[in-house]
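Each chain gets a letter, A, B, C, D and E, in the order it is written, and its residues are counted from 1.
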Amino acid sequence: MEGIVNCIAYCEGRRVANIDIAKIRETLLHKDTFVWVGLHEPGEELLKSIQEEFDLHDLAIEDAHNAHQRPKLELYGETMFIVLRTAQINSINHHIDFGETHFFVGDNFIVTVRHGSSLSYKDVRARCENTPELLGKGPAFALYAVMDSIVDQYFPVIETLEQKLLDVEEEIFGKKPTRGTTQRIYELKRELLEVKRVITPLIDICNRLMRFDIKRVPDDTRPYFRDVYDHAVRINEMLDNTRDLVTAALEANFSLTSISQSEVSKKFAGWAAIIGVPTMIAGIYGMNFEAMPELHWHYAYPVVLAVTFVLCIVLYIFFKRSGWL
Amino acid sequence: MEGIVNCIAYCEGRRVANIDIAKIRETLLHKDTFVWVGLHEPGEELLKSIQEEFDLHDLAIEDAHNAHQRPKLELYGETMFIVLRTAQINSINHHIDFGETHFFVGDNFIVTVRHGSSLSYKDVRARCENTPELLGKGPAFALYAVMDSIVDQYFPVIETLEQKLLDVEEEIFGKKPTRGTTQRIYELKRELLEVKRVITPLIDICNRLMRFDIKRVPDDTRPYFRDVYDHAVRINEMLDNTRDLVTAALEANFSLTSISQSEVSKKFAGWAAIIGVPTMIAGIYGMNFEAMPELHWHYAYPVVLAVTFVLCIVLYIFFKRSGWL
Amino acid sequence: MEGIVNCIAYCEGRRVANIDIAKIRETLLHKDTFVWVGLHEPGEELLKSIQEEFDLHDLAIEDAHNAHQRPKLELYGETMFIVLRTAQINSINHHIDFGETHFFVGDNFIVTVRHGSSLSYKDVRARCENTPELLGKGPAFALYAVMDSIVDQYFPVIETLEQKLLDVEEEIFGKKPTRGTTQRIYELKRELLEVKRVITPLIDICNRLMRFDIKRVPDDTRPYFRDVYDHAVRINEMLDNTRDLVTAALEANFSLTSISQSEVSKKFAGWAAIIGVPTMIAGIYGMNFEAMPELHWHYAYPVVLAVTFVLCIVLYIFFKRSGWL
Amino acid sequence: MEGIVNCIAYCEGRRVANIDIAKIRETLLHKDTFVWVGLHEPGEELLKSIQEEFDLHDLAIEDAHNAHQRPKLELYGETMFIVLRTAQINSINHHIDFGETHFFVGDNFIVTVRHGSSLSYKDVRARCENTPELLGKGPAFALYAVMDSIVDQYFPVIETLEQKLLDVEEEIFGKKPTRGTTQRIYELKRELLEVKRVITPLIDICNRLMRFDIKRVPDDTRPYFRDVYDHAVRINEMLDNTRDLVTAALEANFSLTSISQSEVSKKFAGWAAIIGVPTMIAGIYGMNFEAMPELHWHYAYPVVLAVTFVLCIVLYIFFKRSGWL
Amino acid sequence: MEGIVNCIAYCEGRRVANIDIAKIRETLLHKDTFVWVGLHEPGEELLKSIQEEFDLHDLAIEDAHNAHQRPKLELYGETMFIVLRTAQINSINHHIDFGETHFFVGDNFIVTVRHGSSLSYKDVRARCENTPELLGKGPAFALYAVMDSIVDQYFPVIETLEQKLLDVEEEIFGKKPTRGTTQRIYELKRELLEVKRVITPLIDICNRLMRFDIKRVPDDTRPYFRDVYDHAVRINEMLDNTRDLVTAALEANFSLTSISQSEVSKKFAGWAAIIGVPTMIAGIYGMNFEAMPELHWHYAYPVVLAVTFVLCIVLYIFFKRSGWL
């Protein structure tokens, strides 16, 4: 059936057999056996048969069918329903692509439902199968393994955002900031907000999984969720840090724009004076009065030129010293 | 009586009969029966008879009579009184129209009181009647159904606000920002604040309904309120996100205005120099000294013109390279 | 004695008699009887006799003597001491006048002490006496009635502040913002802070009165305090909303000032160019070179004038199109 | 021994005798007797003998020796160790001088250790001795008396800061704001932060003293600490209020600077036009074309002057109306 | 083996012997004996043998192998795993160098694992060995001693940051602020954020160690962790204070830049007028009208010069008084 990636039974952590959806109920009667079903954008019909096999709640199935959920953990009787969001840097436009993975976790089964652009969990499953003593802890360990891989995919995302911040910093302090800098800061903020919305509920989810109110998670598996929690908290801190720095960068950018504006005004004022003074003097000797004795002196012209020139030099030095030029 | 939209008795989730307000008490004596009364801006007299039939508290009736309550959930003995606010985008002026719906929920009755511009709940009632096995859970399920429809009406409102933000972003980064941009940002902020005031208490209400301190909600109905809660939280996140972006957009707008001001100053300074230099030179050769040898040279005029022109070109290139022009 | 407004005994909610302060103790021996004393800026002596009659704590009496307390609820053994602040819009200067009312509430007595410019509670008392079945609930109901009237007086205060905000908005977006606008925004902020300081502790007080840790409030009176609480929360929300909008208005004002500054610069630059170009050309033809062939051409003057004029027109159109003029 | 200000035994609130440090242990054997020791910047040796007499913890003694602690309350077994910070306005430079007082409070003793520029507690002790019925409540009352006096010293400090804010407001809105205004705002912020750091932990300390987890404080003394708590909260509110207003003042200052900058630009632009137009016209009639018919008209000069003058007047009126001049 | 700094057994607080990693298990069988192992960037193999000797959890060992953990306290069964970050000012570039120390603390052992540029704990160990009565309290005291030394190393770091703030303040208010000032403020913010990220979790860790939920810490050792907690809180307050002041400094810087911009504009406007007026007058008398009677008056030239000069003086005085020059 389309949408099924895998449906495998495990006994004491060891892969027993690929089984058919319809045979799940039967398989689960064996002791120490659990079933791990992997789905990818399943159709309604497939979800319906899954619902029947595992006795899932209508609302959870409805959620699992629609993507665009926020990360959450919900208990429906004996079954735990978890929504996580995945993120990857799109290698072409360097934006972040978000996907979703939903989990149904019961006493002896785990169903993962992937939506959107997330990586396959084949590798995760392979790694789990390599450590049967751990996978033997049951579906909660499989849940941990997938969550861990999802959370680990966030680190490169954050690092890309941190790199974007460094680029912006260099633009601000190294080169001249432009309109583009402001836009890049804005877009960085937007992306940080998007990732933040994904990470914050994840911390709550891990928090609940590592505490004692959720019976689906055996005691010896809790430290693993604490590990995921720890990573999520670290990602969150990196995000907050980057966000605070982006805010500071915007302020610095603003402050530098203002200083630069001030510098332009000073430079302009300085040069305007240096051009304005000779213009004024020239204007005076351009007057047409009959009786202007200086006009008739022989060296008047070079003297006036020289005086004007000296005046300009004096002005130049004065403005240079005042830091206006 | 004016103000009554509907007054129907249900038995095991199935519609039994339209009944008269005065016969409610009598009807409620039947086992597994509940009454769903729908009112629209009821008069004082009608509310009084409702109060008598269901034994409601004075203060709740007073509140139900006046619109302009904030969303809240209050327990008066056995009866739960809930106020919710509805929102719709006005199709004419694209502003948000707010309305109010109040609920009285008891063991075997639910009264909905609509105020202002909210949609009728006919469709909701019809959908409920199509799933008698769910409506059989009692008045709490009817409450859920109406709440769910109210909360779902918020999504288009938020999407309109998000679209307004996108328009503002385009104005800021694409075209030149104007005074109108600032005003639009301000109005967007105002609308976001208004919606926020409606959504935040709604989350608390859902939270209480899905936890165990409210006995009116049977255990198997709680997951439905969790679903509403989930939607409310998502709306709230979308709001917060939009609000953060509006703030960032205002800053970006501000930053760009400042950069643009700086650019104007630079351009002006550059052109002022390019016009100022020939003016100064012309002034000098406009002086009336008798002894100005250059004046008598034959090619002085074209040479001075050429020199001045070259100077202007040099200045132009200089300013161009400095990014001032 | 000066400072006593009223001292009345009630039995089962009905007024029994005006009594003397000295006879209070005696009166309170009757079953189902409580005493309601109203004081207005009482002297030390009067407070002392009140203290003796009701066995009040030194610290509470000290507080009741001095105005300028912050709103609070304190328990001294069996007696509850409450401080509330009242507010009214001064009809002359449109500022807010604050007053204070203190309450001592015991099992069978309530003392209200008014300070500063608050309204008399005569009307409240009259309304209470009209509903003896409610006043029969005891001093807690009298407390509710006065608190309710105090809180209701806040609504016009908030509405005045909201109106001031609307005026500021109109100044900002409609007319040109001036120095006065900034000052009005500042003063609005100051007033909002003042009211906020009064409302926030009020919410806590109501919260305690409607919960179960205060034994002075009988169970059937609690819903009334929840009603006051609800009003206080609404006032608080209106305040927060107005404060957020004032902040946004300040930013908008700032942004518009900056845009307006930018517009001035652009306009100035444009006109400076339009005036500068003819000045430069005129300067060139004002030079005194002997050999300037143009000077001798017959139509040179009108041609130059025309060319200059056309240049100015071209510049004008150019700047107009760029949005600089 | 240097550093001892006082060491007095009290019985039932009445002063019994000045005693020697070495005799404390012996004195404390009497029933209903407690010892109040006052130290001022004690040496290590003195602290050691105090430690031995009262059996104090090493870490507390270490803290008491070094000033520059943050306000805190710590329990070491039976003994309570409290650090408070005192504040006074320096009458010379109008800055705030901070000091410290440490307390060791046991069942039958209290030790106060003053550091830095705080007032002596002689007056407090005298006042306590005047009300032996209160001092008879034990060391906790002595603690209250000193704390109350410390907290009361904060009110003039806050009032000084509020006065500084009023001065800044007047500078901003009344006179022209200068660089000094900005610096004064900055310094006010710094001082507010300093006082805040002292007050916030004080509230926590009072809070703990008035609740039931500290056994050293008898029940009938708790209301007194609630009184101190109340004062601390009021000081804290005044601080927060002042801080919010300082922030608003900075924004207002900034906004007004920007408006003032805009006004300068407008004025300059207006006058530049009024000077620029005659300069341009004069330039035109200063051109040396042979064929300029106007030059030969007899009234050309006065006519041109008059036209220019009228133009300037027109410009002046235009700019005046536009609010640019 | 490389990576082992020390491995010493202590009995009743006294050093017994340097022992081999392989003999730890054997040694721990003695009563009242504990082992303190010091590692520095250990290899995988060494960590493996440590894990075996002390029965440590896989996840903790994995963490201990990789540096770049965030500070945390985790319990794995009987063993406590703690990560702390160390900080020092790099004496060359005045930046902060961060390192990490991990601890495994059991009933009778403590393992410290240093990563990166942190100081050796030789001195700490020496000081502990000098007070065997304290070290006799067991591994928790050794943990305290190392934590205390780590936290004490933060004080010079904070003081360096505070000094950087003072330098920035001086630049802002004393000298003219430049682009460098803005960059220094930004870098200071970055460093404050980095230290903050290290200190905040440290407070939580101390908090848990001084409360009663961690059994590894005996009761008489808790006050020591309260001491560390106290230091951490103080560092945190200093950080927050510095951060608030940096924000205020940025605003002040910004405000002063704006005022300075305004001053430049005023100065420029003033001088432009003083130069512009003579230029205009000179232009008028440079016109070539035939009939300009003034031109023929004998004293016209000196009179015009004088009038112009006086006008300039008047303008100068006017602008000086207005505060524009």
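The rule is simple: a residue touches a chain if its C-beta (ideal position, glycine included) is under 8 Å from a C-beta of that chain, and two chains touch if they have at least 3 such contacts.
Please read these numbers as outputs of a predicted model, since none were measured by experiment.
*Asks:* Among all the other chains, which ones are in touch with both chain D and chain E?
*Replies:* Output, common partners of chain D and chain E: nil, no chain qualifies.
*Asks:* On C-alpha atoms only, rotate chain B onto chain D and read off the angle in steps of 5 degrees.
*Replies:* That rotation is 145 degrees, given to the nearest 5.
*Asks:* When the C-alpha atoms of chain A and chain C are each averaged to a single point, how far apart are the two points in Å?
*Replies:* 41
*Asks:* Which whole number of Å gives the spacing of the CA centres of chain A and chain B?
*Replies:* 25
*Asks:* Residues of chain E that contact two or more other chains, please.
*Replies:* Residues 254, 258, 261, 265, 268, 272, 276, 279, 283, 286-288, 292 of chain E touch two or more partner chains.
*Asks:* In graph terms, nodes being chains and edges touches, is this line, ring, star, complete or other?
*Replies:* ring
*Asks:* Which residues of chain B touch chain A once you look at their complex with the stated criterion?
*Replies:* Those residues of chain B that touch chain A are 169, 173, 223-224, 226-227, 230, 233-234, 237, 241, 244-245, 248-249, 251-252, 254-256, 258-259, 261-262, 265-266, 268-269, 272-273, 276-277, 279-280, 283-284, 286-292, 323-324.
*Asks:* Applying the document's contact rule, which stretches of chain A touch chain B when the two form their complex?
*Replies:* For chain A paired with chain B, touching residues are 57, 59, 69-70, 72, 74, 76, 176-179, 182-183, 185-186, 189-190, 193-194, 197, 250, 253-254, 257-258, 260-261, 264-265, 267-268, 271-272, 275-276, 278-279, 282-283, 285-288, 292, 294-301, 304-305.
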